[in-house]
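Note that the chains take the letters A, B and C in the order they are written out, and that residue 1 is the start of every chain.
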Amino acid sequence: MTLGEIAGRTSATLTGDAGLAISGIASAANAKAAEIAFLDGDGKTPPTLSPHLKAVFANPAMKAFVPEGVAVLETPFPRHAHSVVASALFRPRHLTGYGAEPISSLAQIHPDAVVQPGAVIGPGAAIGEGAVIGPAAVIGAGVQIGCNTTIGANASIHCALVGDHVTVLAGARIGETGFGVLVGPSGAEDAPHFGRVIIQDHVTLGANSCVDRGVFEDTIIGERTKIDNLCQIAHNVILGRGVIVAAFGGISGSVRVGDGSMLGGRVGIADHVQVGERVSLAASAGLFRDVDSGETWGGTPAKPIRQWMREVAWLQKQANPKKSG
Amino acid sequence: MTLGEIAGRTSATLTGDAGLAISGIASAANAKAAEIAFLDGDGKTPPTLSPHLKAVFANPAMKAFVPEGVAVLETPFPRHAHSVVASALFRPRHLTGYGAEPISSLAQIHPDAVVQPGAVIGPGAAIGEGAVIGPAAVIGAGVQIGCNTTIGANASIHCALVGDHVTVLAGARIGETGFGVLVGPSGAEDAPHFGRVIIQDHVTLGANSCVDRGVFEDTIIGERTKIDNLCQIAHNVILGRGVIVAAFGGISGSVRVGDGSMLGGRVGIADHVQVGERVSLAASAGLFRDVDSGETWGGTPAKPIRQWMREVAWLQKQANPKKSG
Amino acid sequence: MTLGEIAGRTSATLTGDAGLAISGIASAANAKAAEIAFLDGDGKTPPTLSPHLKAVFANPAMKAFVPEGVAVLETPFPRHAHSVVASALFRPRHLTGYGAEPISSLAQIHPDAVVQPGAVIGPGAAIGEGAVIGPAAVIGAGVQIGCNTTIGANASIHCALVGDHVTVLAGARIGETGFGVLVGPSGAEDAPHFGRVIIQDHVTLGANSCVDRGVFEDTIIGERTKIDNLCQIAHNVILGRGVIVAAFGGISGSVRVGDGSMLGGRVGIADHVQVGERVSLAASAGLFRDVDSGETWGGTPAKPIRQWMREVAWLQKQANPKKSG
């Protein structure tokens, strides 16, 4: 697809080489040559740009940040225009990839794997030795399930590579489209997702928990990470090895959590936050800032645990003079 | 059914015309003639009453609020008695409406709709052009699914009208009975539900999220409203157009949220609260009061965001004198 | 299995009678003769020990707490060694107990029960008179479902006894393995679970809620207890009769809640906490301490509601001097 064709499809105004060929989509920070990116914002914060960037959608406010020599497609809806190109170049085979049979004849299922009644397995899926696919579970087209991995009843997995000795409990959702709202000419639209979910070996994912697929890159759950029931792991999150996430844990988009960190029940982490290794977050913490390795934080908004406890105790003492006097 | 028959079935004491015919049930605020309502409470707060109210169950404490000319059925368990009448008049066909075949021959499925393996579709359901029903998804009797709407794997929909271009992700639950506990002679009972769920066009509902059916009226999700994973939308809620609800959002019964409002992750709203248009609620907020259009609130209990941030900063400064001195 | 064989399999160092026969596993507090237990910890807190204890795994720090006459198997990974013995003695038939047919011919289904299309029922399951098993629901091997009980669409039940007149809404997960991480020679592992879930009569469990099976003992939900959508009830929890748990309620492992207590939306209770009867916990409360019968608590960390409200009001007044002056 040329930039000229892209400008036509998206009603964007092109400044640059109309003949430049585009074969992929990416974020502005990671774009390679032949990949188109987008810049959306209020023009106050300079974006991170890949040195290989050759073409970018931008709204009027962000246009000034585009370096010389990079083609610009100006539009009031850069993210929407980007998704139009993405959908033209790629066809996500999430739910439309199934055939007529519950267990596709185009799936590769190891003879020592067990597929329970009611399970659905799409074409191109591969199920490893000793794996168990639970009753009424759904394994999407092209999904890889490793050896000795167990998928619980009514769980569903799409757009994912799942390692060995993984346990996915009943009702868990892996690989659904993440939550991204973009503004198009008609109002709010869902941002299309093209990434996968990578679940490394020995991971456990609790009942009714969700791990969304990445937008352009992948969502990754590191080896021996253990996630409780009813947790939400958003798009592009990277959890390290041996991370513990207790029930109702909510990890927003693009968060990174280092090896061996422990999240108590109902901990929330805001998007793009970076958490180091061996960090502890107390139950109910709401974290909005980066935390260095080895620290323990609590409270909402979260802060170092001693500081939080000091504030809790001080407030209690001040507000209840008789009891604590 | 006459009031006399109703009094007999519910062991209530009737004051009024025993021959009055009742053909429906409603809340006291919305009852039309021929609909019976109930009044339950401690007698301290006057109820809102429909001008068309003709007959009502009431406990001794609430009896005094019944206007002259309205028949009263006195009972210690008015809500329970009301549900007994409701169940006699209406037969909710939630789970018992299926036939023997997975895809009912009494369902209307457009030839250009796709029904994936393992899906179950009840009698009287209608599936529009271009719709995709995912593997092992369940579409209940009489449910309407619009054009180009996608229902994810293992999702279930009952008692609902779903518009066009709607996306329901895997494991979402639409139209289950809401959470209402009433006290009957034997203890706690579930309040029966007779309303539906209305999902307007271009709505997205995240994985494993729930939208309960209304008690008497309907639960309504407005056009282009986008709801993330693991959210709970309770009975009788009305969300406007273009509302954004991030993960773990919890919206209690009968709440109204105006057009374009945005709820951060893990926001909770207490029942009957009214939220205006273009309101922002910060992540983790717990809202117990009405909020006017255009405001931004945060904290638990939630308050205007500047006030909340001032309190957080002030407490931190006071309790940690050295660091901030 | 003798202690000598057990020492060999687990690479533990035995001090005691190598010929002693072991036929079961238990916690140290509840072990009967012929059951092996484990002691794991830093050696600072003395463990509770059953008077019938005859053999126990212990790490070097805990060894000193083992009474004379009790055989000790010393290992750096006592809980892991214990799980190795457990898995050798018992074969949990969670997901591998299904046959080839969706409705097992070895299940006992009352002729007046209704099984909807797509449901899967394992061998040895029993479904009572008037029960309804919803579409694509999964009933595991050996599960008992009482009379007039309704199981919603896509729900799954394993390792459980479910009473009469119980309502399980769509997507609920009963009897999944609880969240317990133990440290083995290769890193984090899931603790095996051998207990069941007992759901007493007239209980309601909301859509997409989870009740985990017990580790050694059972998880128990008392009569007429009502649980809303998206709640998490962890392993070994015991809820009394008529307990109310609103949406997003999170009850951690081994918590006990007395009869008639009410938990508002998004209440969390930390593990092992004991809550009395008729206790009220305000919405959003995070409870880390025991609460006596009849009290009302709120806030995070939760405290008596008057104290919490006093602190909220005092902080607001101090930090916003003009408005409240």
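We take it that a residue touches a chain if its C-beta (ideal position, glycine included) is under 8 Å from a C-beta of that chain, and two chains touch if they have at least 3 such contacts.
Treat the numbers as computed from the prediction; the structure is a model and nothing was measured.
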Once you draw an edge for every pair of touching chains, what topology comes out, line, ring, star, complete or other?
complete
Counting shared numbers against all numbers at the contact of chain A and chain C, is it over half, same, or under half, different?
different
Could you give the separation in Å between the centres of chain A and chain C, each centre being the mean of its C-alpha atoms?
30
Mark out which residues of chain A touch at least two other chains, giving numbers and ranges.
118, 136, 154, 171, 208, 230, 248, 266, 300, 315, 318
For a test of understanding, state which residues of chain C touch chain A in their complex under the given definition.
95-96, 98-102, 118, 120, 122, 136, 138, 140, 154-156, 158, 171, 173, 176-177, 179, 181, 187-190, 208, 210, 212, 230, 232, 234, 248, 250, 252, 266, 268, 270, 286, 288, 300-301, 303, 307, 310-311, 313-315, 318
Chain C residues touching chain B in their complex are 114, 116-118, 132, 134-136, 150, 152-154, 167, 169-171, 202, 204, 206-208, 224, 226, 228-230, 241-242, 244, 246-248, 265-266, 283-284, 300, 312, 315-316, 318-320, 323
